[in-house]
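Lettered A, B, C and D in written order, each chain numbered from 1.
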Amino acid sequence: MTLNIGLIGAGRIGLVHAATITQRVPSARLVAVADVNEAAARACAERYNVPFFTADPHAVIEHADVHAVLICSSTDTHAPLIEAAARAGKPIFCEKPIALDLAAVDRALDAVARAGVPLQVGFNRRFDPNFERLRRAVAEGEIGEPHLLHIISRDPAPPPIEYVKVSGGLFLDMAIHDFDMARFLLGSEIEEVFVAGAVRVDPAIGEAGDVDTAVTLLRFASGAIGTIDNSRRAAYGYDQRAEVFGSKGMAQTLNNYPNQVIVSTAESVRRDLPLHFFMQRYVESYQREIEAFVQAVLEGTPPPVNGDDGRAATVAALAAKRSLQEGRPVRLREVSA
Amino acid sequence: MTLNIGLIGAGRIGLVHAATITQRVPSARLVAVADVNEAAARACAERYNVPFFTADPHAVIEHADVHAVLICSSTDTHAPLIEAAARAGKPIFCEKPIALDLAAVDRALDAVARAGVPLQVGFNRRFDPNFERLRRAVAEGEIGEPHLLHIISRDPAPPPIEYVKVSGGLFLDMAIHDFDMARFLLGSEIEEVFVAGAVRVDPAIGEAGDVDTAVTLLRFASGAIGTIDNSRRAAYGYDQRAEVFGSKGMAQTLNNYPNQVIVSTAESVRRDLPLHFFMQRYVESYQREIEAFVQAVLEGTPPPVNGDDGRAATVAALAAKRSLQEGRPVRLREVSA
Amino acid sequence: MTLNIGLIGAGRIGLVHAATITQRVPSARLVAVADVNEAAARACAERYNVPFFTADPHAVIEHADVHAVLICSSTDTHAPLIEAAARAGKPIFCEKPIALDLAAVDRALDAVARAGVPLQVGFNRRFDPNFERLRRAVAEGEIGEPHLLHIISRDPAPPPIEYVKVSGGLFLDMAIHDFDMARFLLGSEIEEVFVAGAVRVDPAIGEAGDVDTAVTLLRFASGAIGTIDNSRRAAYGYDQRAEVFGSKGMAQTLNNYPNQVIVSTAESVRRDLPLHFFMQRYVESYQREIEAFVQAVLEGTPPPVNGDDGRAATVAALAAKRSLQEGRPVRLREVSA
Amino acid sequence: MTLNIGLIGAGRIGLVHAATITQRVPSARLVAVADVNEAAARACAERYNVPFFTADPHAVIEHADVHAVLICSSTDTHAPLIEAAARAGKPIFCEKPIALDLAAVDRALDAVARAGVPLQVGFNRRFDPNFERLRRAVAEGEIGEPHLLHIISRDPAPPPIEYVKVSGGLFLDMAIHDFDMARFLLGSEIEEVFVAGAVRVDPAIGEAGDVDTAVTLLRFASGAIGTIDNSRRAAYGYDQRAEVFGSKGMAQTLNNYPNQVIVSTAESVRRDLPLHFFMQRYVESYQREIEAFVQAVLEGTPPPVNGDDGRAATVAALAAKRSLQEGRPVRLREVSA
C-alpha cells in the first residue's frame, strides 16, 4: 500500500521532504507539488519525477490523486492551508509552527477536529536517535524520576535578517523545537517560563526587535525544573545536546560528528567539528518522521506528534516572549487562556 | 623561609588542610591547633606532629610562633575569629562563607582592612586544574567574548539534616562555591539572579525550610547570562562541570574519574563512576590554594581570592535565597545596599 | 546520464547493493538480476522493481540493456564471471576477493587488461567516513611520516561453519579487508607478514582447518610496521578501529555508535553498544563505493579501487596463511612470484 | 611503626623516591643517601632532611639505622648491590632492570634467596590506577578469558644517545616495563616473541646498534596473543595505553590528561596534550609501590613484585633482542635455559 502525497512549498525544508519521500520511503509517493513560485514547483517536480506541479496550493489539496498533504510553505500560510486540507478530508503533515498567534492555531485545530483528519506537526527531533534514546532513558525509569533538564540548542549562524523579522523571533521560530523537546523528554507539561535574553551576535537582530541569545528557565507540572540555552551563532557549528537528571541517575546526549577520528599532534588532541547544520544532523529524523506519518495514515492510527503538541510548544514560545518583554516569570495559562 | 600556621577547627576540612600543610607544602609548618572539642585538637596534633594544641582559638591566634591563621571552625565563628586575628595582625585564611549575614561579613572585612592583614577565602575550586584551564580559555580569548555560562554542581548525598538547618541552606552553604566560580570564570559581577527551587531529594530538607534541587539564572554586568544547577544527591556521585560559550567557541570541563578504563561487554560500554566527593575530587586544589596563600604571605603579595570575593559570593547567595522566597528576579544591589 | 547495471548474485551483499542502487544512487538503475537460485533473483527483481531476472549470470552479462556488471555471487565464480564480463566489454564491479588462488586472479586481471574495461573491487571500507578521514590525515601529512599502524577488526559472531570451510579462511575472507585497509591507509605496499593465530572462539573452526583469532604483523615497503588484530567474535559487537602513528602525531578512529547518549547511574557511566555489524556500520560506504564506480564508468575515469588492489590484498592474505602454517615471517614475493 | 630507608642513587628516579618517602609515605623515613657523585648525595640529603649522606653505597647498606635499601643507581650496579644488601640481611627495593645479562640476575636472585630477604622490583606501572583497574577486569572475569592484548608505550622523546648506548637498548631499558605489564595484565607467562624493529626517530640510535621503533608480537602460555608497540618519540607526549580482549568483552585504558577541558572553536574540538612524561603520569604509582614495599617489609609479607618478576621481564627483553637480530620468532626458553 502506497500513500500518495502532495507537497505544498518547495523551499528548503520542502525539498528535504521531497528527497526523503522519493528516495527513502518506499511506502509513499510524491504525486503533486505546489509553490507560489511556480518555477520552484517545476524544478522540484523535474528533480523528483513528480507528475503534477502548480503555483496553487489548493490545486494540490484538491487533486484527486493526493491522499495526504505536506504543508511546508511559509508560516503565515500554515493555518489556512491546514483548514483547507481538513475541509478536503485529507490527512495533514504540517511544518512547525502551526501559526504565530494562538487564535489561528486554535481555528486550525478546530477545523482538523471537526474533519476528523489526522494531523502531524513537524517536530522532527523527536525522531532523532539521540533524543529518542534520551526519552527512552526517562520513560523506562533508567534514571528514575526526572528532577532537572537542560537543552542546548545553538545554530551555526543566524538566518537572514529579513527572515528574522517575519519568523516570529527566536522563541517561535527556533526555540519552539526546544519547547517541544522539553515536553517530549520529560513527558510533562511546561507551566511557567522565565527568560533572560540578550543581543550578542548581531545588533541588527536587536534592531528587528528580537534577541539572539537566551536562557529560558522552565517549570514543569511534574515539579521538574529545566533550562533551554539558545544562541543564533556557535562558532563551531550546530550544537544540539540535552541532559536529564533524575533520582536514579543522569542521561545526556552529545553532538553528532562526521567521523570518529581523533588526531593527536604536538599542538592538541582534536577532532573535526560536529555536523554543521540541521540538513546533516537531522537527516535520519526527517526520514523517520515521514515514515511515521505515512504509517499512521495508512494504518489509521494517531500520528505520534499531533496538533496539541504543536499548540503546546507555541504557547510556551509565546509565554517566553512575554517573559522577555516583561522581565518576570510568566505562567503558560496567562497566555493560553 | 617557612610560614608557621595555626589551625582553628580540626573537623573535616581542618584535617584536610592539616594533612596538606604537613605533607605537601614544604614552605609551611603547622605549629598550633585549636578545636572547641579539645580531644579533636589533640588527635590532630598527634597525627600531624603539631607542638601545641588547645580548646581556645584565641590561644592559637595569639601564640607567638603562629605567623598566620587558618579558620576552619563552624561558620558562625568565622567573622569574630577573622576580627580577632586581624586585631592580632596575623594573615588569615578563612573557609567559606565568611558569615551568613552581610553585616557580619562587613564588620569582618572592615577589621581586616583596618589591620591591613592579608585575607584569603577558601574558594578552593579556583585552584582546580579543570576550572583553572576553563578560566584560562576565557581570559586568553580562546573562546572570544563570553555569552553564556552553565555550572553543574551536584553532591553525591545531602549532609545530615542537623547540618542543613544551621548551614544557611543550599545557597549559602553549597551554591556559594558556584557563585564564586561564576564570577571567577567570567571575570564579571553577577547583577541579578532568579531561582527555581524544589524539594525532590528529601522532604526533611523541605521541612527544614530549604530546597535540595535548584536552578539559578544569573545575569552578569558584562551582559552574559548563566545558570547554576544544584542537587543535593546525584546517584552517580559528585558532578562538577561547567561550560562557557562565547563569540569564538565553547570551553567545557567534564568530571574527573578514578581511572581511564573503558569496559565493553555484551551489555554496555562503560566506565567506573566519577571521583565520589570533594575530598577525592578537589585534593589537588586544596594543596594549591594553601600554597598560594603561603606564597602570598611570604612574598607580601595580595592573596588570589580575597574578602571582596567572599562578600560577593555571599551577596549572590542571599539574593538567590530571596528570589526563591519571593518568586521573582532579584538584583544583587537590593541585598547588598 | 544513467548507468544500467546488471546484478549477479542476489544474496546478502547483492541485496545491499540492489537497495543502494535503487534508493540512493539516482545516476544508476538496476535493469537485470541473476542468481543460481532463480527464486532469489525473482524476489530481488520484485522488491526493487527490476525488469529482468534469470538464473543464468551470462544472460545478465550479455543483456543488451546492461551497461555494467556487479558480481556478488559466490567467491569461486568471481574470476570466471570477470573474464566473461570483460569479453563482453562491460565495466565490472566485483566483490572481494577476486579469487582464492593467485593464478585465477591473474587470469581474470589479464582478461580485464586485454578488454580494457574498468574493474572496481569491493573494498567498501575505503569509502567509510572514518577510514577516509584517517587516510586524509596520513596523505596530507597531518601526522607526518607513518611509523606504526594498528588495525582492529573483530566480528560480532563467526559465520556458519559451512561458510568457514569454503570461504578461504580468516585471512582470505575476513582479514582481506584489513590487508587492503593497511595498504590504503599507509599508501605503501606490504612486504612481509608474520602471523600468530589461535582457535579461541569455536573449536569447530579449528577442526575446519582455520583459526578464529589472529594477530598479523606487517612490514611495509616504506619501513613502517603494522598489526592487524582479528577475532571472529567480539561480545560487544562489531569492532572496527585503526590507528596510524607518525613522526608528527597520531590519528585513530573509534567505533560508530547508534546514538551519542551517555547514562550515569549508581552502577556505571555507560553507553549503548557500537553498531552491531557491517550492514549498519558500513551502510554509507556501500553507497559511496557504488557512486564512485558509477561515476568512474560514466566519466571514463579509472575506478578508485582496481584489480591490482584486489590482487595485492589476496597476496597478503595468502602470505599470512603460509606464515600461520609455517610459523615464520613470509615475504609477499614468496607467494606472488 | 616506621621503616628507615637508605637510598642508593640520587639521580632522577632516586629523587622521585626520596620525595615520595619524605612527603607521602608517613610509615617510612629516609635516613641515609648515597651517590657516587657525593654532591648529588649531599643535595638530596639537604633537600629532604636526610641525616646521613655518602659517596659509598656500602656505607648505606651497612648503616645501623638503615632497615631497608632502595637501589636506584646505574643499571650495572644493581646486581652487585642487591647481593651486598642481601648479605647484610636488609630488605631490598631495586629499580628495573636487575641486570642486563641473565647470569648476573640469577646470581643476585640466588643471594636474595639464600639470605631470605624480601626483594621488590620497581615495576611501578602495576600500581597505576589505570593498569590496576585493567588487571582487575581480567582477574575478576569481567571480560572473560583473555584472547588478545595490546600495549602502546611511547615516550615523548628519546633519552640522550650516551644513555641509549649503556642502557641495554629499547627492549631492556624501555620495553621491559611493557613485558612486565603484559605478564601482569594477563597473569600468564610469555613463551615466544617476534620483533619487527626500525630506526625511524633518530639515525644516531641506529648507529648505536639499537632501534627506536618496534612492534613485539607475544605468545602466552595461556594461548593468548599480544603486541607491544614502542616508539622513542611521540610528538604529542607520553602514550601509555593497553587493551585486553577476551571471550566476554574488552577492557582498555586511555591516557591521563592534565585536565578534562574540551575547547570547541571554528577550527576543531580539542583538548590539551596528555600528561607529558612518567614523572607526571606515574606519580601516584610511585607512591603506591613504595607504600606496598614498606607495608610488606613491616608486616613480613611477600612484596607484590618480586625477583622472579624482574627475571621474567629480562628474559622476555633478551628474547626480543635476539628476535630482532635474527629475524625469527624466539622462544623464551632459548634465552633462559
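The rule is simple: a residue touches a chain if its C-beta (ideal position, glycine included) is under 8 Å from a C-beta of that chain, and two chains touch if they have at least 3 such contacts.
Bear in mind that the values here come from a model prediction, so they are computed numbers and not experimental data.
Q: Among all the other chains, which ones are in touch with both subunit A and subunit B?
A: Common neighbours, subunit A/subunit B: C, D.
Q: Is the number of contacting C-beta pairs greater for A-C or for B-C?
A: A-C
Q: Measuring between mean CA coordinates, which chain is farthest from subunit A?
A: Most distant chain from subunit A: D.
Q: Using mean CA coordinates as chain centres, what's the gap between subunit C and subunit D in Å?
A: Computed value for the inter-centroid distance: 42 Å.
Q: Could you give the separation in Å between the centres of subunit A and subunit C, each centre being the mean of its C-alpha atoms?
A: Once rounded, the distance between the two centres reads 40 Å.
Q: How many angstrom lie between the centres of subunit B and subunit C, each centre taken as the mean Cα position?
A: 58
Q: Show the residues in subunit C shared as contacts by 2 or more other chains, in ascending order.
A: Residue numbers touching two or more other chains: 143, 235-236, 248-250, 264-266, 272.
Q: Inside the complex, what are the residues of subunit D that reach subunit C?
A: 143-145, 147-148, 150, 154, 194, 196-198, 200-201, 213-215, 217, 219, 223-227, 229, 231, 233-236, 239, 245, 247-250, 327-329
Q: Spell out the residues on subunit A that touch subunit C in their complex, using ranges where they run on.
A: So the residues of subunit A in touch with subunit C come to 23-24, 26, 129-130, 132-134, 137, 142-143, 248-256, 258-266, 272.
Q: Spell out the part of subunit C that touches subunit B in their complex, as residue ranges.
A: Subunit C reaches subunit B through residues 235-236, 257, 264-266, 268-274.
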